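Two complexes come next, and they have one chain in common, chain A, joined by chain B in the first and chain C in the second.
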Partner chain A sequence: MKLSFMYSFLKSDIDVIERELEMAIRSNSSLLNDASLQFIQAGGKRIRPVFVLLSAKFGDYDIEKVKHVAVALELIHMASLVHDDVIDDAETRRGKKTIKAIHGNRIAMYTGDYIFARSLEYMSAIESEEAHKILAETIVEVCLGEVEQIKDKYVMDQHVKTYFRRIKRKTALLIAVSCQLGGIAAGASKNVHRNLWLYGYYVGMSYQIIDDILDFTATEKELGKPAGGDLLQGNITLPVLFAREDKEIAELLESIYEDMPKEQLEVVLEKIKNSDAIEKSYKVSQAYLQKALKVVDRLPDQKIKKTLKDIALYIGKRKS
Partner chain B sequence: MKLSFMYSFLKSDIDVIERELEMAIRSNSSLLNDASLQFIQAGGKRIRPVFVLLSAKFGDYDIEKVKHVAVALELIHMASLVHDDVIDDAETRRGKKTIKAIHGNRIAMYTGDYIFARSLEYMSAIESEEAHKILAETIVEVCLGEVEQIKDKYVMDQHVKTYFRRIKRKTALLIAVSCQLGGIAAGASKNVHRNLWLYGYYVGMSYQIIDDILDFTATEKELGKPAGGDLLQGNITLPVLFAREDKEIAELLESIYEDMPKEQLEVVLEKIKNSDAIEKSYKVSQAYLQKALKVVDRLPDQKIKKTLKDIALYIGKRKS
Partner chain C sequence: MKNNTTIQQQTRELITGLKAKYQHPYLFSVISQPTFDEERVQLFIYLLKGQHTNYKKYLESALLMELALNTHEQVITNGPSLKERQLTVLAGDYLSGLYYKSVALLGDTPFLLRLSKAIRNVNESKIKLKLSEANSMKELLTIQSIIDDSMLVHVLQHFHLNDEIKIVSEGLIIKRLEVELENWKKRIITPFLLNLQAIAKKDKTESVLSLLENELDDRQIQFQTIVKKYWSASQEIVEYFRQQRKEQYLAEEG
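Let's look at the complex of A and B:
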């Protein structure tokens, strides 16, 4: 089953967002149009817009009102991806060439800035001062995380707390805020939009942990990029942190470096895959999902609650 | 005479901004603190905050209210400088090493993102929806300009209109918006804050043209970097566009390339300096200043009008 099945009732509204995203980045600059349109058309799960729309169902749902939030959040996410590709020297994303690969680092950096600037335009259509504050603080945290993650690279003996803080900033916060701002834009009460934040936070944590597991267990076809990329780039994820409890693996991990021979990396990847690190990581991910489900129980009685639960459960089982 | 003499009555308020700027970028990340604090302490003319404060005098001036605008605009400017240094491969700025030079491109890119994110926090304290819209649209234009300027590099036969649009986006818009938002934050009428925008726009255009002239005529000491840097980096400025009317210079210009021998560059620089291109560029700059002065006449009768005129006149004569 595909994720999008669970919110097929949102199909036409998601289409609105999709068209709006394409309009959002259009400009008189053909270079920018090429770079960013191609990026948008490469698709993506549009998870943040989906959470905005679902959360807005707890208030006075009006697609014309919430679409600005949904577009702004997806643009912020995209801008950060474009900059990440510069940092990671990534040649492909979702199986397609990155902006960085086609146009170089300079254009990629400014394209990221530009997409981010466009998100501000969409945000400025939102009247809630609270929403602006929340979003600004979140973006600061996300940026802090981006700098800190560079420092954490290849650091094998980092605390697991460092990892959790990193994925909170990298993934969970923006999903949490998507849920919260969806609620705020639809006029949901403070109690409701805070719980929506919490739901998004737990789902986001779980989502990223599974992403980090899949980087070990999924095939290149499923990932749209070679497996083991995280480790090769020095991105120390939860499976690695569990795996290093095994002394032999810990020693092997010390020998990881950028551009190391593929065969050598394969050995380490296999060891980690065959250790209990994957299972342990899954358990942590499941614990977050359970928390997400409990938060849903606290939300007001709405039909949409079932969808929120279904999505959380789906995320726990996803393969790509 | 120093520029700051003209607004010495703002001294204590500028100090407030300076302290606020330092607080603004503080975080738990020692890496980010190092990078951005050093950048802030390297100083700068703080032209945007000054224009915010001066313009706020046309309304209900309250430093506690306008400081958020002033800090936000200076942070946006700083963020763009940090990213520019990545693009320009700049090793020094104002005689000090750039973030890029000390920490590398990756940290510099994210530090720029971070400083920009902090500016959003300050902006979110501003209640005017109009201010948010104006700022968002301006930032989009500035980003468009950043991408376009890469395309314009080393293009010797570009239209002078391309140059004007480039410096509008690069410099004039943010100064114009500083004036306008200063007015809006202080509750000035629409007519007043639109004229403030126009004043800032003309002053900004003039300011940048003089900057571009000084890159030919000033000494390395005055500039804090070697003269002729613009040309070497393929940044085609007004003096170049006038100078290429001379056939001999036009031919020499075709031979400009990055990392060309210094002696060879010197020959071209000397030719341009000794042509009438500098004088012609000054005239254009003066024409913008005259327009700025005329706009001041249209503003309501306030003591501060004299300062706005003095600054415009000073900019026309500045040597660094």
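Let's look at the complex of A and C:
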């Protein structure tokens, strides 16, 4: 089953978000217009807006109110992707040339800053001071997560807690906040929106661990990029940390460097795949999912709870 | 007239406080610290002092965003190293996040909306400048003014200092023209001058130097007219700039 089937009942509202996103990036600079529009039309899972809408169902759901948060969060995500392409020197994203590749770093920086400004314009429609404080704090944390990621590159003997803190900042926080702000925008009680944050946090942690596993187990076609790319770039993920427990693999990992030949990398990848690191990582991911499911049980009785559970279970099984 | 020493002291305090806010032990050990245009900070303080009990917080927010945008200006294709480029992108994003946090703590969503529009305008104009889209000196100055004064103007608008905006905007245009004239004489080619070169090429009757000098003359006359028109709002600002210039002159004279 496709993920989008699980929330197909939101289709008309997701269409509202899509239209709003296209309007949001309209600019009187034709270059900015074209570049941002191409970026939006390239698609994406829109997972953050979906979580905003689903969570808003626990309050007084009004798409005209919650759309501002949904659009703002997707724009923040998009702005970070445009800047990430500069950071990673990426030529393509989702099979299309990046803004950085077409127009250069400078224009990509301006485009990212422009989209960020638009996201805050959307957020300014939200009166809740708490919502702004939460989102602002999250944005700062997400940036610090990326800084940490660069700092910890190729550091093989890092503690697993460092990895968890990093993926919390890199992925889980923005999903958690999408859930929480959806609740806040719809006027859900504090207890409810705190639980929604926890649900998003656990789902986000699980999602990123699966992502890190797939970097070893999925094919290049499934990933849309060569397998083992994270390791090659020096991003030390959970499977690597588990695999390091094997002395032979630990020694091999010490020899990893950015431009190492593909054949040499494949030897390391095979060793990691054949170790118990993948299975152990899956177990951790599953543990997070179980926590997410338990949190859903604590939420008020609503039909939407089943969708939240289905999404969590889907994430645990995803292959790409 | 307000005491300049006090303003300078307040400027130093504000900058020290801001630096403490964005310090990061790793980030700024790899890349250089963001730099402040102290004269600009002084001008901000000069204009906003007394407008709101929390004026320093408003100022901090605007300055953090200016620092963020300026930091992103340092992201160039052939930078010193990949890591430095990566961290420069992130430093700008981090400062943007701190800006939003600062505004969130103010709890003033109209201010957030206003500054977001300013950031949007600044980036649209930067793209126009980068693509050399200006067809005339007038267009070029409009684009450059948005980049130079949009944040400041939007903050002043928030406090309804509309007369001050006219004077400050015109003053900053003159400052820009003076800077670019110096750059041209030193053969430092900036995006502004690249645009102007293209305009001069199309025009054929005027050189870059004469375009700059003529515009500077016109603007100085225009500035005097504005100062007369908005006299009540302008005397302290004009006096302030005069004082600045005098100090600068004395320093240069040694």
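Here, the second predicted complex is superposed on the first by the 320 of 320 C-alpha atoms of A that agree within 3 Å, B and C clash if a C-alpha of one lies under 4 Å from a C-alpha of the other, contacts with A are read in each partner's own complex, and residues count from 1 in each chain.
We adopt the following convention: a residue touches a chain if its C-beta (ideal position, glycine included) is under 8 Å from a C-beta of that chain, and two chains touch if they have at least 3 such contacts.
Note that this is a predicted model, so its numbers are computed, not measured.
Colleague: Return fit or clash for chain B versus chain C, each positioned on chain A through the superposition.
Modeller: The answer is clash.
Colleague: Now for A:V267: first (chain B), second (chain C), both, or neither, which partner does it touch?
Modeller: neither
Colleague: By the touch definition at the top of the document, which applies to A:L144: first (chain B), second (chain C), both, or neither?
Modeller: both
Colleague: Touching A:A117 in the superposition: chain B (first), chain C (second), both, neither?
Modeller: Both: A:A117 reaches chain B and chain C.
Colleague: Touching A:M156, do we find chain B (first), chain C (second), both, or neither?
Modeller: neither
Colleague: Can A:K133 be said to touch chain B (first), chain C (second), both, or neither?
Modeller: After superposing on A, A:K133 lies in contact with both chain B and chain C.
Colleague: Across the two complexes, find the residues of chain A that touch chain B and also touch chain C.
Modeller: Common to the two interfaces on chain A: residues 27-29, 31-32, 83, 86-87, 105-107, 109-111, 113-114, 116-118, 120-121, 123-124, 127, 129, 132-133, 135-137, 139-140, 142-144, 146-147, 150-151.
Colleague: Where on chain B is chain A touching in the complex?
Modeller: 27-29, 31-32, 83, 86-87, 105-107, 109-111, 113-114, 116-118, 120-121, 123-124, 127, 129, 132-133, 135-137, 139-140, 142-144, 146-148, 150-151
Colleague: Can you tell me which positions in chain A touch chain C when the two form their complex?
Modeller: Counting only chain A, the residues touching chain C are 27-29, 31-32, 80, 83, 86-87, 89, 104-107, 109-111, 113-114, 116-118, 120-121, 123-127, 129, 132-133, 135-137, 139-140, 142-144, 146-147, 150-151.
Colleague: Can you name the residues of chain C that touch chain A in the complex?
Modeller: Against chain A, chain C makes touches at 24, 26-27, 68-69, 72-73, 75-77, 82-83, 85-87, 89-90, 92-94, 96-98, 100-101, 103-105, 107, 109-110, 112-113, 115-117, 119-120, 123-124, 126-128, 130-131.
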